[in-house]
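Can you read through this structure? Questions will come right after.
By letter and in written order, the chains are A, B and C; residue numbering begins at 1 in each of them.
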Amino acid sequence: MGGGLEDLADRLAITDLLYRYAAALDDRDWALLATCFTPDAVAIYGGRAGTNEGFPAIEATCRRSLEPLDASQHIVTNPQVTVEGDAARSRCYLQAQHVKRGTEGGDNFTVAGSYLDRLVRTPDGWRIAERRLEVTWVDGNPTVLGWA
Amino acid sequence: MGGGLEDLADRLAITDLLYRYAAALDDRDWALLATCFTPDAVAIYGGRAGTNEGFPAIEATCRRSLEPLDASQHIVTNPQVTVEGDAARSRCYLQAQHVKRGTEGGDNFTVAGSYLDRLVRTPDGWRIAERRLEVTWVDGNPTVLGWA
Amino acid sequence: MGGGLEDLADRLAITDLLYRYAAALDDRDWALLATCFTPDAVAIYGGRAGTNEGFPAIEATCRRSLEPLDASQHIVTNPQVTVEGDAARSRCYLQAQHVKRGTEGGDNFTVAGSYLDRLVRTPDGWRIAERRLEVTWVDGNPTVLGWA
């Protein structure tokens, strides 16, 4: 339980995973993204990114959203992680910047909210089994992401 | 002292507390907010949020600021925590987004700065005994928060 | 290796260092900044902040950029740290706000990207031996920083 070395190590490993997901998206490193999820994970992004069942669907949606951009930066903060045996829950805040230079109306679009995750311990380390995105605010030019 | 398991666990527990405060505000979860402070805590927010002595005053001020909004997100980063026995000090950065849709002049207002905290260990875990907010910059439309 | 107490303590000490750097810049505390680098460290900031060899050059560049401002806030997130013995690598995200009130065209300028660091363990703790800044997006009024 909370405070022992094992619990600290688990929670830090899960926080690392939250950041690895961000790095995978922002580097367009889809092999790295695969290390963040179980093969049958579900990502509920909402809006036109919808509900994605299984890693291939998750990867396809992330590619479709991010590959047209010049840059993105998924700032992940306020991680709150609870571990129980081989399962865990986490919530973190997201502030994602999307950049497409020369877009009429402005180059930047921010999407912000929370990721709500269910995680499992696997032989290869912690993985996301279910991720739900709750968007709470946006700022800038939605045309950058093709929202219009 | 720095680096032992107990020190790591204390510092992580305090970082968790900094994030729990943010979640309490953004979820308007006043029972959760009560778990962040000692009953006689002081919160020095400055400006019209003033100095608040005791948890009931702190809760009243937070409600008055946040309940009229559609959303808020208190992004908390750069936690710096020092523990000495049953007392601690921390400093973290804050970037708080406030959203009220349909506000003339823009929906968003950002308030950013630092929280400077004095904390104490209690039988129920670490609690904030004194919190001081230093605002260093703002952006967007202050009318969102009724600053005008 | 990953997960042991020593590894956790090292990684947390390096994360603390990343935040101490930000505090040193934002407080204009150049003595504190000196505790972040080895004496012969190299900081590759790019643009007009260039490549800076040795701490005196790093300090001079930081002073030149930041002392004219009314405020700055270097939000540091997503720390990813890997330790191998007495050496380490880290990457973190940066969102730096720069404020100069009364600037024509707007008071704020945001510079965002990643810090890519090589670190070494010294008798005084972990120090940055090489820091490279990769800027991925900016927002606001570049005149605040004298970029024009």
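The working rule: a residue touches a chain if its C-beta (ideal position, glycine included) is under 8 Å from a C-beta of that chain, and two chains touch if they have at least 3 such contacts.
Predicted, not measured: the structure shown is a model, and the values here were computed from it.
K.L.:
Among line, ring, star, complete and other, which one matches the pattern of chain touches?
P.N.:
Basically all the chains touch each other, so complete.
K.L.:
Once chain A is fitted to chain C on CA atoms, what angle does the rotation have, in steps of 5 degrees?
P.N.:
Fitting chain A to chain C on C-alpha atoms yields 120 degrees.
K.L.:
Could you label the chain A-chain B interface same or different, taking same to mean over half of its residue numbers are used by both chains?
P.N.:
Counting shared over all numbers used gives less than one half: different.
K.L.:
How many angstrom lie between the centres of chain A and chain B, each centre taken as the mean Cα position?
P.N.:
That pair's centroid distance is 25 Å.
K.L.:
Provide the list of chain C residues touching at least two other chains, using ranges where the numbers run on.
P.N.:
Answer for chain C, listing residues that touch two or more other chains: 5, 8, 75, 77.
K.L.:
For chain A, which residues are in contact with chain B within the complex?
P.N.:
2-3, 5, 8, 11, 75, 77-80, 91, 93, 95, 112-113, 136-137, 139
K.L.:
Per the contact definition, I'd like the list of chain B residues that touch chain A in the complex.
P.N.:
Going through chain B, the ones touching chain A are 5, 8-9, 12-13, 16, 19-20, 22-23, 26, 71, 73-77, 97, 99, 107-108.
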